[in-house]
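Take a look at the structures below.
Okay, so subunit A shows up in both of these, paired with subunit B first and subunit C after.
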Partner chain A sequence: MNSQLQPVPWKLHLAVLAAALAFPFVFPSNFAVNFGVLALFYAFIGQSWNMAGGFAGQLSFGHVAFFGAGAYASTILQLRFGMSPWAGLPAAALAGALVGGVIAVLSFRAGLRGSYFALITLAFAEVLRIIANSTDLTGGGLGMLIPMKAGAANFQFAERSGFYYLILLLTLLSVALAEWLRRSRFGARLAAIRENEESAMALGINVFAEKVRVMLLSGALCGVGGCFFAQYFLYIDPTIVFGVDKSVEMLLVSIIGGAGTVYGPLIGAVLLALASEGTRAITQVPGLSLVLYGALLVLIIAYLPNGLIDLFKRRPQPRKETR
Partner chain B sequence: MDPTILAAAAINGLLLGGMYTLVASGLTLIYGVLHIINFAHGSMLMLAMFGVFYLLTKFGIDPYLSMLVMVPAMYGLGYAIYKGVIGRLSSGRDENILLITLGLSILIENIALMLFKGDSRTISVSYSDTMIELGPTLVPLPKLISFAVAMLLCAALALFIQRTDTGRAIRAVAKERVGARLVGIDVDRIFAISYGIGLATLGAAACLLMPIFYVSPTIGHVFVLVAFTVVVLGGMGSFLGAVVGGMIVGLTESFGGLFLGESLGQIGISLIFILILLLRPSGLFGARR
Partner chain C sequence: MLRISGLSKIFGGLRAVDNASLQVDAGRIVALIGPNGAGKTTLFAAIAGFLPVDGGSVELLGENITGLPAHQIARRGMVRTFQITQPFAKLTVHENIAVGAYQRFAQREAAWEHARAIARQVGMERMLEQPSADLTVAGRKRLELARALATSPRLLLLDEVMAGLNPSEILEIIAIIRAIRDSGVTVLLIEHVMHAVMSLSDHIYVLSYGKIIAEGDPQQVVSNPAVIEAYLGRGAAGQAREAGAQHA
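After this line comes the complex of A and B, so read on.
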């Protein structure tokens, strides 16, 4: 799939990076910067889903379990134990990886694949949602409100652009990780598992260990996404951070853009942000953006099974010299 | 604890289980034949419930009577959706079908949200509040009716699958697609029929649920994970499994609520789901695959 894609030329890389860096200066309005933050945030969590769901082909419907674990871990440390919200970032990564690892070990040990794996991840997320809904530590169904205390040391930037550059950095990191996955032997083993688990096993790949590894990585990233979400919106509750909607968002971003590709989730994320913010600007009717997105999902599966990135796939250049 | 409270919780759990069985029976048929998980199941139930709601409020048709309309209408809808969308666009790949049903559910749910807003709607009919004394407790008559019809429905579906020619063809396709095609069965048509019947059961379920429940665009979420649990627990494709699974899940929810409180009590269903997937993914009555 992805290996057939032509490498993206470095000039395009630079141009996109420059545009991303300049964006808050060119469009300084709150609306525009908020749009940028959302697009990058979708890209980041979409990329985290893509590691397990795309590169390794483990279709998960419950990635929100890692997301929520990260959001709650960092917020609990901050509000209940008075730790700096910055310490919440690594804690969130750890929490996400932990949940990812436990789910992976249990379900891959039991040999669950395909739709069974999708269902069990959904159920684990639901268990976490119910627990978060019923204990005092998490504030129960009322959720947790992070008090406003502006200051970069407090993870609260006076300017929205502070958040923008932070999530830009995180997204660049996730893209670099995806690029590494595409090139590394680890990524090649994951691709082998995705294409055919039995053949991968026959090649001597430790399928179980590789799948657990990628879930640790994917869970850690997703947990960081949860921490960012909590600090940006300053409020979390069980339905928001453990609800099935976020899982679906991550999966949509990745699959619509192109699962198992490095840049697919970026395309899907910009589109989701455009759909949700764009329709909100035009009409107050709820649900319109997801109507568009649901229709897009059906059409993509039918006509562009490798995602929108296929539209950008360059035809192989004719070789100048023949062998 | 007082035995009358326990008995009341047990009766309540069984009645709840009847509701879950209703919703799960179509899901288990669709899974048993198509081997796909119909993520659109919850949103289709929601559509059917809105259908029942408007048949009553606009035309004054009693919910139970509207079964005569809703069952064929949902069958037609299911048949058309399979022929027009799922079968045509999925290129026959299982994970594509899964994602297309997910896309459909997002689409339908959000269109409903645009049309009907997020409010919940209830109906009131003359028998809504009729209570029947059942051992230590009083139960609403519509709940008893829905329980009885759920059992009848599962028995009828099992008979249909066992005894009729179409039922035999469905079983043949479920077991061996290529072989079924070789003996002259139109596999694509059988898929569409199965999907249609799966949704037709939702038409019946909606008529039975509406007098005791409410409808909102996101009502599907209430049932969808529970219905999956019932189907996996009972064994995908087994109607007996849907009944037994429904009862176990209903009892778990009822006793979970009694002992753990309303919020934490819901955890039992998800834990059962996880345990059955980890330990015996073929379910109680499912064929090992």
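After this line comes the complex of A and C, so read on.
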């Protein structure tokens, strides 16, 4: 799947990067920068889902479990234990990885695959939502409000562009990780597992261990996404950060753009942000963005089953050099 | 190389493999033949760790590997192929073989280069960029072989790599298997194509209803009455002998 993609030319890389860097200067309005932050945020969490769901083919419906774990871990450390919100970032990664690892060990040990794995992850996310809803540490159903104290040291930026550049950096990091996956032995093993677990085992691949590893990685990234979310919106509650909509957004971004590809989630994220923010800008009809997004989803699944990235894919041609 | 002692595998009331013992010496091509449903593939799956065994032991290179998980057995050098080919369908031929090659080389360049060399060895160089889903039956069989070979195994378990091939393709794969043996890899194969078995094998085991009923070199095995009866039915050996006598 991956090798049929021609390598994206480095000029295009540079152009996209330059455009992303210049975006807050060209469009300095709050609305535009907020749009950029959301698009990059969707890209980042979409990429985290893509590691497990796309590259390794472990379709999770409950990635929000890692997202919420990260959001709560960093917020609890900050509000209950007075730690710097920046320390929340690694803590969120750790929390996401931990939840990812536990869910992975339990469900893969039990041999759950495909739709059964999707359902069990959904169930785990719901369990976490209910726990967060009913304990004092998390503030229960009232959620947790992070007090506004603008300042970079406080992980709050007076200018939204501060958040923009932070999430841009995180997204670049996730793309670099995905690119490494595409080219590494680990990634090749994940692709083998996605395509046929029996064959992968026959060739000596420890299918269980590799699947747990990718869930650790995916969970860690997703947890970081949760921490960013909490700091950006300054409020979390169980329905927001453990709700099923976030899981769906992550997998849609990835699948619509192109699951298992490096750049698919970026394309899907821009589209999701356009659909949700764009429709809100031109009309006040509530829910129209979802109608639009749903219609796009139907069209894409019907005509581009490998995702929007197919539009950018040139037909594979015989090449002398295959590396 | 491989010693199987008293191996049994039971499905419910059926003894699919019943107290089977066989031995594969290093550097040889050993064939396992038998009528359909005799338990050959089950035996393969059991020794390769894909099915739990219900009795007996498997020794590879002098170490007991009974009950080890499949990937550990493969890493110890015994790698199986599948009778019903299981390619990584959305990956290209090169990527498929590279998955095997990565077991030996951690670096991408080395693994891909090794995969290319293996493709050359099995005559698939020109198909490297094809998605494996587009391969013909012969191509898929070769890919199974190539992927396993790319892991640098000590012992290859080949499950009917010639089924569904035409005569010229069979001749090609016979030459490939012989070359693999000559490169130092021991081969245990399940095969129905008798002329291939006869020309390739140094030693043959015959499995029927889960039991090893005969063994020996190819000539001994085909003239063994028990083998003829297993394939053609009880009394067939006697009838064959009488028919032969009448003609004479």
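Please note the rule applied: the second predicted complex is superposed on the first by the 315 of 323 C-alpha atoms of A that agree within 3 Å, B and C clash if a C-alpha of one lies under 4 Å from a C-alpha of the other, contacts with A are read in each partner's own complex, and residues count from 1 in each chain.
Please note the rule applied: contacts are C-beta pairs under 8 Å (C-beta built on N, C-alpha and C of every residue); 3 or more make two chains touch, one makes a residue touch a chain.
Bear in mind the structure is a predicted one, so any value in this text is a computation, not a measurement.
Novice: Could you say whether A:S184 touches subunit B, subunit C, both of them, or neither, answering first, second, both or neither?
Specialist: In the superposition, A:S184 touches subunit C alone.
Novice: Just checking: does A:A302 make contact with subunit B only, subunit C only, both, or neither of them? Give me first, second, both or neither.
Specialist: A:A302: touches subunit B, not subunit C.
Novice: Where does A:A192 make contact in the superposed view: on subunit B (first), on subunit C (second), on both, or on neither?
Specialist: Touch status of A:A192: second partner only.
Novice: So, does A:A202 touch the first partner subunit B, the second partner subunit C, both, or neither?
Specialist: After superposition on chain A, A:A202 lies in contact with subunit C alone.
Novice: Which partner chains sit in contact with A:D310 here, subunit B, subunit C, both or neither? Use first/second/both/neither.
Specialist: neither
Novice: Which chain, subunit B or subunit C, is in touch with more residues of subunit A?
Specialist: On the superposition, B touches more of the residues of subunit A.
Novice: Show me the residue ranges of subunit A that touch subunit C in the complex, using the header's touch definition.
Specialist: Checking each residue of subunit A against subunit C gives 1-4, 183-185, 188-189, 191-192, 195-196, 198-207, 316, 318-319, 322-323.
Novice: Under the stated contact criterion, what part of subunit A meets subunit B in this complex?
Specialist: Touching subunit B: residues 59, 106-107, 109-110, 112, 114-116, 118-120, 122-124, 126-127, 130-131, 133-134, 140-141, 244, 248, 255, 285-288, 290-291, 293-298, 301-302, 305 of subunit A.
Novice: Which stretch or stretches of subunit C touch subunit A in the complex?
Specialist: For subunit C paired with subunit A, touching residues are 48, 50, 69-72, 74-75, 79-82, 86-92, 94-95, 98-100, 102-103, 106-109, 111-112, 116, 128-129, 131, 147-148, 151.
Novice: Help me check something: in the complex, which residues belonging to subunit B touch subunit A?
Specialist: Touching subunit A from subunit B are residues 36-37, 85, 88-91, 94-96, 98-100, 102-114, 117-118, 217, 221, 225, 228-229, 232, 261, 263-264, 266-267, 270-271, 273-274, 277-279, 281.
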